[in-house]
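Right, one structure below, let's go through it.
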Amino acid sequence: MDLRLDHLRRERTGLAEAVYAPGKTPTQCATAVAGLLAGPGSGPVLLTRATAAQAAAAMADSPGAVSIPAGEDDSGAPLSTLTWRTLPPTGRAALVLTAGTSDLPVAREAAAVLAAYGHGAEVVADVGVAGVHRVLEQQDRIAAADVVVVVAGMEGALASVVTGLTHAPVIAVPTSTGYGAGFAGVTALLGMMASCSPGVTVVGIDNGFGAACAAVRILAVRDDQGAR
Amino acid sequence: MDLRLDHLRRERTGLAEAVYAPGKTPTQCATAVAGLLAGPGSGPVLLTRATAAQAAAAMADSPGAVSIPAGEDDSGAPLSTLTWRTLPPTGRAALVLTAGTSDLPVAREAAAVLAAYGHGAEVVADVGVAGVHRVLEQQDRIAAADVVVVVAGMEGALASVVTGLTHAPVIAVPTSTGYGAGFAGVTALLGMMASCSPGVTVVGIDNGFGAACAAVRILAVRDDQGAR
Amino acid sequence: MDLRLDHLRRERTGLAEAVYAPGKTPTQCATAVAGLLAGPGSGPVLLTRATAAQAAAAMADSPGAVSIPAGEDDSGAPLSTLTWRTLPPTGRAALVLTAGTSDLPVAREAAAVLAAYGHGAEVVADVGVAGVHRVLEQQDRIAAADVVVVVAGMEGALASVVTGLTHAPVIAVPTSTGYGAGFAGVTALLGMMASCSPGVTVVGIDNGFGAACAAVRILAVRDDQGAR
Amino acid sequence: MDLRLDHLRRERTGLAEAVYAPGKTPTQCATAVAGLLAGPGSGPVLLTRATAAQAAAAMADSPGAVSIPAGEDDSGAPLSTLTWRTLPPTGRAALVLTAGTSDLPVAREAAAVLAAYGHGAEVVADVGVAGVHRVLEQQDRIAAADVVVVVAGMEGALASVVTGLTHAPVIAVPTSTGYGAGFAGVTALLGMMASCSPGVTVVGIDNGFGAACAAVRILAVRDDQGAR
Amino acid sequence: MDLRLDHLRRERTGLAEAVYAPGKTPTQCATAVAGLLAGPGSGPVLLTRATAAQAAAAMADSPGAVSIPAGEDDSGAPLSTLTWRTLPPTGRAALVLTAGTSDLPVAREAAAVLAAYGHGAEVVADVGVAGVHRVLEQQDRIAAADVVVVVAGMEGALASVVTGLTHAPVIAVPTSTGYGAGFAGVTALLGMMASCSPGVTVVGIDNGFGAACAAVRILAVRDDQGAR
Amino acid sequence: MDLRLDHLRRERTGLAEAVYAPGKTPTQCATAVAGLLAGPGSGPVLLTRATAAQAAAAMADSPGAVSIPAGEDDSGAPLSTLTWRTLPPTGRAALVLTAGTSDLPVAREAAAVLAAYGHGAEVVADVGVAGVHRVLEQQDRIAAADVVVVVAGMEGALASVVTGLTHAPVIAVPTSTGYGAGFAGVTALLGMMASCSPGVTVVGIDNGFGAACAAVRILAVRDDQGAR
Amino acid sequence: MDLRLDHLRRERTGLAEAVYAPGKTPTQCATAVAGLLAGPGSGPVLLTRATAAQAAAAMADSPGAVSIPAGEDDSGAPLSTLTWRTLPPTGRAALVLTAGTSDLPVAREAAAVLAAYGHGAEVVADVGVAGVHRVLEQQDRIAAADVVVVVAGMEGALASVVTGLTHAPVIAVPTSTGYGAGFAGVTALLGMMASCSPGVTVVGIDNGFGAACAAVRILAVRDDQGAR
Amino acid sequence: MDLRLDHLRRERTGLAEAVYAPGKTPTQCATAVAGLLAGPGSGPVLLTRATAAQAAAAMADSPGAVSIPAGEDDSGAPLSTLTWRTLPPTGRAALVLTAGTSDLPVAREAAAVLAAYGHGAEVVADVGVAGVHRVLEQQDRIAAADVVVVVAGMEGALASVVTGLTHAPVIAVPTSTGYGAGFAGVTALLGMMASCSPGVTVVGIDNGFGAACAAVRILAVRDDQGAR
């Protein structure tokens, strides 16, 4: 297979091409990672949602990756997010909130991607609205954040409450956790899209990677200005 | 048409048969109401979601109704809830909360039915979670209520927050208000069913009548006990 | 991971925080249970839908749990509901009806939670409406109940029939049992939401836990009154 | 427009081609009816769901129709079922049950089609399962019927209960009546398809015509035998 | 567990209670079968969709079953339909058509149930409409049948074509076979419900059992007449 | 408003930009048509689904249009397809089949677009599979066609049958006609996508325009070859 | 009605409460606007999606509004966005792109809200991907923008292409324009959520208001920095 | 089992019957393949989506197959497309484009089927629109193609862009790859159906076989002409 890598994506979009592991063989993963590292592009190289076998193959070819757990695939096998060529710290950070403990893998994927771009990403878990005081305890931190990523399953109500507590952009990530009538994230997705709080934006189900990319784009607005 | 009225429904279920106006001619409405009033049953007689023509026909045959506005039908014509033979005050009351102004017609239908059974039903509007302090201002009232009915469209998050603030049973009513991705109440319905707050129960979209019936059943638990 | 346990949830809502096992590691389950038992809160501590490994880990750290079978997860592994610090008997009881034998695990989860709060919960199985005489044989018991929980899959019609036979609040739990066009509980959920019997309320699919929580809230209405 | 009428459909299927009015101009309706009456085929000619204008055009060209009301179209205009060349009475009859008053137009369409084929079709309305005694009062009639057509909206539970009370084939027709979570008949359709009562079969939403056609096919099984 | 068996269902509905194996333990299956055989009821006892373990347990307790393959469960394990106390041949038979080879297990379940009631059930496979001449080759047999069961996945078009070729009642069974946009039977189900051929009736996805029950009810119409 | 017309679309794609009228004011329609006629592009200029007012405005500015009826909008107002600068006859033709009379407006839109490009497009209506002999009567014509467009609502089965009778490419257009369970074209769309006949391709609901564009692309294959 | 206005929302979230007109009477609209203007809050007061009657009532009570057209409601009546107390120009601007002419009302609502907060918002219409050169012609402007709002119906593909051309945050707004299989915006919504371009975020269907609010939040990130 | 093979399908439709392996036993696969090879028909014999066991059984009975990998089944087992009696090269070729690497198995199935009919099928992978320059690099090849097959998951936007760059017929295949909100191909399917580019046609999800069949039909249009 001759890969068609998009080496200059970071130059065009601020975000380097990432390798999404599911559906690729370990060899395809390793080849793609090595190809990106060897190519003309700059910036972090990411392998997301990699199984142990995919991660091992990529790390054998390309040593020096940072690996962060990212939940499990449908069969329960553990996945991880791997990063090569992490950017130096920018001194800025996003706040990543989760409604429950089960939302943590998605939150960690988002944090791993933000870290790859040099941004901090504090993860505060378990602030679901069933006990709204838990959100309010974080009120100052929420109000002070430059960007907030809200990770929530079930009805996804956390996004609405948080957005009402801050001037910052809020990126909501519906997760497939929950039972009863969560429908694998669809309920949370719809709830976040229909939020009564003006200014919430939403990414796909369990898409911690996409949320982080949106946050990197927003934080880069600051970067640019710093440069002017 | 020979109607098959269920005169003794209140004896069986605590709730008398109500006449649901949509899809019936004004004459059918009037005949059903008069038939229930003339029959062997006891308790309130209700005509719900009646157009002006349906209401007029019923009131011409059966004077003495109390009429309460209940929003509009699909073509924008005003609807109302009519009650005959209201029960005397029980001294008890439900708390009916709405997320927005547009949820008021459904809340008022619920309140009208509760009033027909002698229960008070204070309606507090516009406490949506986009400004969570508005809910918290009602915290004492919510904690003290015997039953809370939460009426909300869009993402329906109010139900989750309120349920976390009280020991009382909470009945959630999704409404078809809202835009963007509310899908005429489906998003709120799913969000309420998937609520992270344990103990929320849900009725159908815009079904203020059903919510009130559930509240009447719960308040009757108290009644029974009072009688023992 | 630092857990953000909601120790005082029972003080706020009458229902202590419960640990929902799916998506948590055995260690996370054990830590959460132990943390709740050690914390300032009171009342039962529940671990729901635990696999054998999760249950073993929690019981190793925190002995003395009562364990009740609660069906199987998607891979067919048996699950159970574990309870620590059960409340003393209240002398009250809910009636839990199931349409079929396959609905029993959900009914038993509901009964286990009610028992944890000191309430009895008689489970009567296999009274589906395909043989409506089976429901009618239970008519006296249904009419006498303080709260009825109806657990049914397929078309969920049992909720409509039962609600027409009692003054009591009825909480309907759609289950994912059945085939043909049950769509893993969605058909039952919709049928219960659209029930022609006024006053049915509904919780999420297979959510025996949520139904029990709603029943505890309703039975507490009686409690409060007893105290006055 | 040159119509491609299927004059010999009754010879092939026992059921003559019927003209479905919606989406046709009054002239197209009139031409189709006149064409069928003038053609080589035998048996009843039906014009279904005709507006006043469509009915008038057809009756002007082809006098002698029997007209039966059949509810309203989406804009609220009254519709009717028209029949020419009705067959002589066969001495047999189907039983048509409806859950509510609002289901009557669909039931009447079914009855009109059965009458066109010479079969009686007693319509018994308002036997919904919210008061299951109303169904049980009809138990003897249901047990004695050759074919039962059950017309119900909302959750459609009537089909399950009726099927448990008879040896006869049961044809269920979901209707678009109801509110809350009926979703214009989808909930009833799914509930009937997933019925726990073995042997229910289902036709499309509001499809009284199709249910009657299925009943005619079943009653013809008897006919054939009579002829042997 | 005390089972609530419906021993007299055949007396009420013409169809004895059948034991649906999925979700039951082998012991529950065996107990239910043995209970039905020992009870006051008459007629066939059926265990449907049984795994090897369920079948073995039931046959150990209750020898003498006839076993017919009925496809596979979600994990690919073979299932079978078991029958005890089969009725003597009635001399009548349904015609069971399938669109493809993959529809055979559902067709065989239907045939097994019909056989249990003494009816023949010829299965003719692979007459899908992609080669419409294959259906037309069966035209005489289709026209002569008393009842036709059409089993088809993908778009389910076979039901429409067959219904246009016979006076007989047609029962359509959507199957979950197919790929592309079959959505596990939903496409076939909707297509059959919306069929342009008047008089098709439909049962749930893969529900060969239900289709056979409907056919037994229809064939009994003939029986009754024979008795008069 | 400054329109951004795509004058050279025909040069890039073989198909000139067309003006889709819904959602545009009459003035916007007229301006767009006049702009395309005045621009550097060649080939037909089309205004599709125009109301009387939109058509009048465009024809006032740009005389010489050919107008063909194209059904009605949601409010029942008649629509038409208008063409300016029709190409000379190519001597080739597509065959456009419809299942019912109600599918004609969509078929005529397709035919109007084909005519604009100089292709003939014979419309044969009313060959639905409920009477499969009607399709078979067209067998020779179907087998001889270069391209077949199949327009069908309800279950859309005509596409499967026709595709089995020809070597030609078949383009299926689901329509929103029908009732019962057609769901405004979704059932036909899914059925056509899942067709058991290999080689059917599908365009959007009621999208006669799109089907014609696909046919123009296919017929142009012939053109090119003729030129070589 | 006593309104519960959220006067200090801008202080909490940077965005003042806006009055969403649909479902409110003209008097309710006027009262809400006047109340917000008279209250303690600062910043713009907006009345969105107002009919002529609602706009007239609000402007009679509160003169000095800027009115911008915002498409039509379901019945085709024109709507507008009204603004009082617009903020002074900030010197910054978002780029608002639309795929087609029909997306303009939503784009204009977004632009009106951005203008109310002092931001410019250049609207570039008709750059849909069917002619990808039209997007590429805007490449420099897209690459230079601080924030891009992409408004598109049908398949919503414009968001994916634009996001690949810029470092800026991209907010996608699905619109309900289009036909065939657009399903009133659901197809565009899903397509934008599933975009292969990392970093797209999405708001609800036709929710130009919400997109503008998100853009205001993002542009304020710059503001803050300017202040440091 | 007696198979009803459609030996003369190629004579009727230009495409020989193919054996779809899923749901068939290895023996059924082998028998069907051998039967087609031994029968009166001509042209390629295909076994699609075969597991290793199915492939082995068929090749043991019928040697000489060409095998091409075709992704994995739900359990991750590798599948392949097998071909016997491949047609000689026609000198013509389709262009098969994929948006991502994960779409390759579907693209290869399409290419294998085209090859069986003697057509070339160049597969160009990884030209997704997130980097639209990758598509534009293929612009000449796309413009020159006789037929283009576009294989894409996620939002499926590649089909819209490609169709705007060529006169050729474009067949779009939605794939079930992707995450977030791809819903196993439904999002891509809807997006392709709703494409703003006129003339795209669509086949079912992951249906590379169907796309190839449609391409074979289109390329045969050329063939026919060659013969005249």
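All chains are identified by letter, namely A, B, C, D, E, F, G and H, in their written order; residue positions are counted from 1 within each chain.
Criterion: a contact is a pair of C-beta atoms (placed from the backbone, for glycine too) under 8 Å apart; a residue touches a chain by one contact, two chains touch by 3 or more.
It should be emphasised that the depicted structure is a prediction, and the values quoted were computed from it without experimental measurement.
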Chain pair among D-F, A-B or A-H whose interface repeats that of C-D, sharing over half of the contact pairs by residue number: A-B
Self-contact between copies chain C and chain E, residue sets same or different by half: different
Chain E-chain G separation of Cα centroids, rounded to whole Å: 56
Distance between the centres, which are taken as Cα means, of chain F and chain B, whole angstrom: 49
Chain D and chain E, separation of their C-alpha mean positions in angstrom: 26
Between chain E and chain B, distance of the C-alpha-averaged centres to the nearest whole Å: 45
Shared-contact residues (touching 2 or more other chains) in chain H: 9, 12, 130-131, 163-165, 180-182, 189, 193-194, 197-198, 203-204, 210
Chains touching one another, given as label pairs in label order: A-B, A-C, A-G, A-H, B-C, B-D, B-G, C-D, C-E, D-E, D-F, E-F, E-H, F-G, F-H, G-H
Chain F - residues contacting chain G, complex: 1, 3-4, 6, 9, 12, 17, 20, 22-24, 28, 32, 49, 189, 203-207, 210
Residues of chain B defined as touching chain A within the complex: 99-100, 128-132, 135-136, 154-157, 160-161, 163-165, 178, 180-183, 186-188, 190-198
Of all residues in chain H, those that touch chain F in their complex: 9, 12-15, 18, 146-147, 163-171, 189, 193-194, 197-204, 209-210, 213-214, 216-218, 220-222, 224-226
Of all residues in chain E, those that touch chain H in their complex: 101-102, 104, 125-127, 130-131, 134, 177, 179-182
